[in-house]
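Both complexes below contain chain A, partnered by chain B and then by chain C.
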Partner chain A sequence: MEVKIKERLSQLFDEQKINCAIIFEKGTMPDKNAPNIIYNKEGLNNLVWNSMNWNNLANYLPKLLGKKIGIVAKGCDSRSIVLLMQEEKVKREDLYIIGINCTGMIDMKKIAKDFGAEISETIFEKDSVKVKGKASEKEYKVKDFLLESCQVCKYPSPVIYDEVLGEQVKGFEGDNYQDITEFEKLSSEERREYFYKELSGCIRCYACRNSCPSCYCQECFVDSNQPKWLEKGQNIDDIFFYHIVRAYHMVGRCVDCGSCQNACPMDINILKLTKKLNKDVRELYKYECGLDPKNTPALSTFEPDDYNEFIK
Partner chain B sequence: MSEQNFEPKILAFLCNWCSYAGADLAGTSRIQYPPNIRVVRVPCSGRVNPLYIIKALKDGIDGVLVSGCHPGDCHYQSGNYYARRKFNMIKNLLEYMGIEKGRIHFSWVSASEGGKFAEVVKQVTESIKELGPNKMRLFQNIK
Partner chain C sequence: MKKVTKTEFINFLKKQSETFDIIAPIKGDKGIDYDIITDFDKIIFDHVNTDRSFKRFLFPQSQTLFEFKEGVITEAKKQNKKKFIVGIRNCDINSLKVFDYNFIEKEPVDTFYKELRDNTILITAACPASNSTCFCTSFKIDPLSIGHGDIGILFDKEEDSFYIQGNSSAGKDIVDGLSTKDTSDFDQKKEKYKKNHEKNRDLIKDKNLVEIFQSKLEDEKWGEIFKGCIGCGVCTFYCPTCYCFDIEEQGKFWNGKRVRNWDSCMFPIYSKETTGHNPRPTQKERYRNRVLHKFYYQLKHNNEYGCVGCGRCITNCPTNIDIRNIIKTFI
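Right after this comes the complex of A and B.
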């Protein structure tokens, strides 16, 4: 896979079809890969492709507006690209999309917990990873340590692409919002308790916002001081406020890529919020985002006979 | 303040063309309704950013009422239809996060429905009185 991607991107650079590309490189930590934007062929030497590439590369597209971009897109990345096209943050003709049939990304946080010691090296083989520490070594199957969002991924194959690499992968066929349905059954008190516990760990680093391709506002409401929506600091009120509004801004715009949760340094289950909204949008408005650029986002349209019962 | 004579503070976003005129009619017709609401006049219910609702709850208001024109009667053709979708989602999300059901209310009140406006305010005030003071404000104090 890695070789093929390199080959194709270097050809595209040669043909001058693209003048930059968004790729993954080895990160400074052995358990993370880092996205990077390269402007020439030499940059391709550092390219890696393995099961740690959970970042959503579409995140960088709005910042590169006007350039010819080559992008390597997994299923979720491609859905984000569709979303950005709908919102006119990127033009299709500016993009060359190398689609990847994604087999799921590995949850390194879980592995680090299981491994117990500091990870000094990770070596990827076809569907397993060898984790090396100072004194010990262990092998893990990728399949057993998939990320939460990858476990229930319905669209592992890209929905939009110029060419596609890898074998066709079957998506998850069950109900991907099962956990939310179960969580909804709890009483209101229990749910509040849960979120209170979960969110009180938040340090408001905004990694969830920064890693999200749908969050591209020039000035985020949390940074705005005219009007000043919320205070700085770790007051639980402000944390709640931030998370409610962040989730609300994702209504009908979240592709369930899970990069917010993976980016979270405090291990907060943020997907519980966005998935709930996705589920509601799907049930109430029969809409799933990031499938067809011609669709209108759920909140940018309406039906005269939308659900009205909650209004007096 | 003791639980019994708790008087909630309620923020009401009223659309300029229908609900605000409805509230005005309730006033000129001398219809009595609870004095707990604080009215903010907005051009359209679609102008109400859900951020306002959450900000109000965060800053300690006990309940929020958003009222606009009936579907099909919007002065701007479709503002209230968009608003309906937005409100539905924010309402679901807040309930899901464990904020009580009766904190936020939505209603359609036309300019000729002074009686309905008074009725809505009565209902809203009662439901919020039952819930007691806003707990979201007190999040920092529980446990």
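Right after this comes the complex of A and C.
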């Protein structure tokens, strides 16, 4: 896979079809890879493709507006590309999309916990990873340690691409919002308690916001002080407010890539909020975002028979 | 110096808890981190370092400076119980040089920091091992030192015993009451742990960074190294030496409080001016500022590095921006 991606991007640079590319590079640590933007084919030397590439690469597209961009896209990245096209943050003709049929990304934090010692090397095989430490080694099946979003990913194969690599993979066929259905059964006090506990660890670093391709506002509401929408401190209600508003800004715009949650240094489960809204959008508007660029996003359109129970 | 058994040491901490809040590393859901101790058997001594540094206990992420109600200003409530922080690693204790210089030594004195600093006893501990992301030796920090803070300890896991030494006069007073075993094997013990620190790399090797960076302020490499950086606050909030804050008024009209919160030079609003102009318009300038503040500005003005080599920004960055690579790129 790696060799093929390199080959293709290198040709595209030669043919001047692209003048930059968004790729993954081998990280400086055995449990991380590094998303990067490169401007020539020498930059391809460190390119890597394995199950640690969880960052959503479409995140870098709005900043590169106007350039000819090569992008390596998993299923979720491709859905974000569709969304960004709909929202005019990127033009299809500026993109060359190398789609990757994605076999899912691995939760290295979980593995590190299980492994118990410092990881000094990771060797990826087709569907497993060998983790080595100073005194021990252990093999993990990728499918047993998938990230939360990847466990229930419906669209692992790119929905838009110029060419696609890897064998076709089947998406998750069950109900991907089953956990939300369960969560909805709790009383409002229990749900509130859950979020207060979960979010009490939040340090407001905004890695979740900055890791999300749908969060591209020039000035985020949390950064604005004229007017000031919320206070900046560690008061739990302000933290909660930030997360709720961020989630609301995602209505009909979240592709379930999990990039927000995976970026969180405090391991906070923030997918609960966006998944709940995705579920609502699916049920109320029969809409899933990031699938077809010709569609209009759920909240950008109006039909007289739209769900409108809330306007009374 | 004294030598005590683990049980004796725990009892010593329990006794201190009558006067102090004891803060020490324990295992949480996420990893090992400082917390206020209620169960003394849960304290962990043999880890490499904690997830976060102890900075938040001396420089809280949100700190109320004063309150106001209908035109009347009242001082913020003080926490009256003193703190006793146990197990501080050598990188982290060195970060206080940066804080003390900026908040105490330079006028005006930051009384909020000083108050917490003066009411906290700091117990440093020799690091039992280094992770591959540790590079404190670059800054002439000895990971096995027990000479910093009010009290220094070395925990020997094999024997389940502690070597303990008072450094400041307050520390000496506290340690004084302890009985002791023979401590003549201390150097031998220290030597034994040395081999666990082979991974700790000196990246600077006495090079003069002020001179090096002086000529590289506009180097084109700045345009390359930051590229995956998404501009979150992870590196700065995790960093034990990052001390920037922002002040805001919370509340409505004349009822509320003035609070200071951690700020991050990686956020666009950090350098945005009232006119709307931003002298650091992109992540390139912001990232450059973070690096230069650590390895150039502070070195030039105060002759101290703004980094202690703890490696937290490396392990927690969601895009694997590695400050060690940045150093290597330029020197």
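Here, the second predicted complex is superposed on the first by the 307 of 312 C-alpha atoms of A that agree within 3 Å, B and C clash if a C-alpha of one lies under 4 Å from a C-alpha of the other, contacts with A are read in each partner's own complex, and residues count from 1 in each chain.
To be clear about the criterion, contacts are C-beta pairs under 8 Å (C-beta built on N, C-alpha and C of every residue); 3 or more make two chains touch, one makes a residue touch a chain.
Keep in mind it's a predicted model, so treat the numbers as computed, not measured.
> Determine, under the contact definition given at the top, whether A:Phe310 touches first (chain B), second (chain C), both, or neither.
first
> Which partner chains sit in contact with A:Asp267 here, chain B, chain C, both or neither? Use first/second/both/neither.
A:Asp267 sits against chain C, while chain B stays out of touch.
> I'd like to know which partner A:Lys91 touches here: chain B for first, chain C for second, both or neither.
neither
> Taking the superposition as given, does A:Tyr285 touch the first partner, chain B, the second, chain C, both, or neither?
first
> Examine A:Lys17 and indicate which partner it touches, taking first as chain B and second as chain C; both and neither are also allowed.
It touches nothing on chain B or chain C.
> Look at A:Lys154 in the shared chain and tell me whether it touches chain B only, chain C only, both, or neither; answer first, second, both or neither.
Neither chain B nor chain C is touched by A:Lys154.
> For A:Leu277, decide between first (touching chain B), second (touching chain C), both and neither.
first
> If we overlay the two complexes on their shared chain A, which of chain B and chain C does A:Cys205 touch? Say first, second, both or neither.
second
> Answer with first, second, both or neither: which of chain B and chain C does A:Asn235 touch in the superposed model?
In the superposed model, A:Asn235 contacts both chain B and chain C.
> Of the residues on chain A, which ones does chain B touch that chain C also touches?
After superposing on chain A, chain A residues 235 contact both chain B and chain C.
> Within the complex, which stretch of chain A touches chain B?
Touching chain B from chain A are residues 184, 188-196, 221, 229-230, 235-238, 240-241, 244-245, 247-248, 251, 273, 276-277, 280-281, 284-285, 298-300, 302-304, 306-308, 310-312.
> Using the touch definition from the top, list the residues of chain B that touch chain A in their complex.
On the chain B side, the touching residues are 50-51, 54-55, 58, 71-72, 78, 81-82, 84-101, 105-108, 120, 123, 136-137, 139-140, 142-143.
> Which residues of chain C touch chain A in their complex?
29-30, 48, 60-62, 131-133, 227-228, 230-234, 237-238, 246, 248, 250, 259, 261, 264, 267-269, 314-316, 318-322, 324-325
> Would you tell me which residues of chain A are touching chain C in their complex?
27-29, 32-37, 55, 59, 118, 120, 201, 203-207, 209-211, 219, 223, 225, 228, 231-235, 262-263, 265-267
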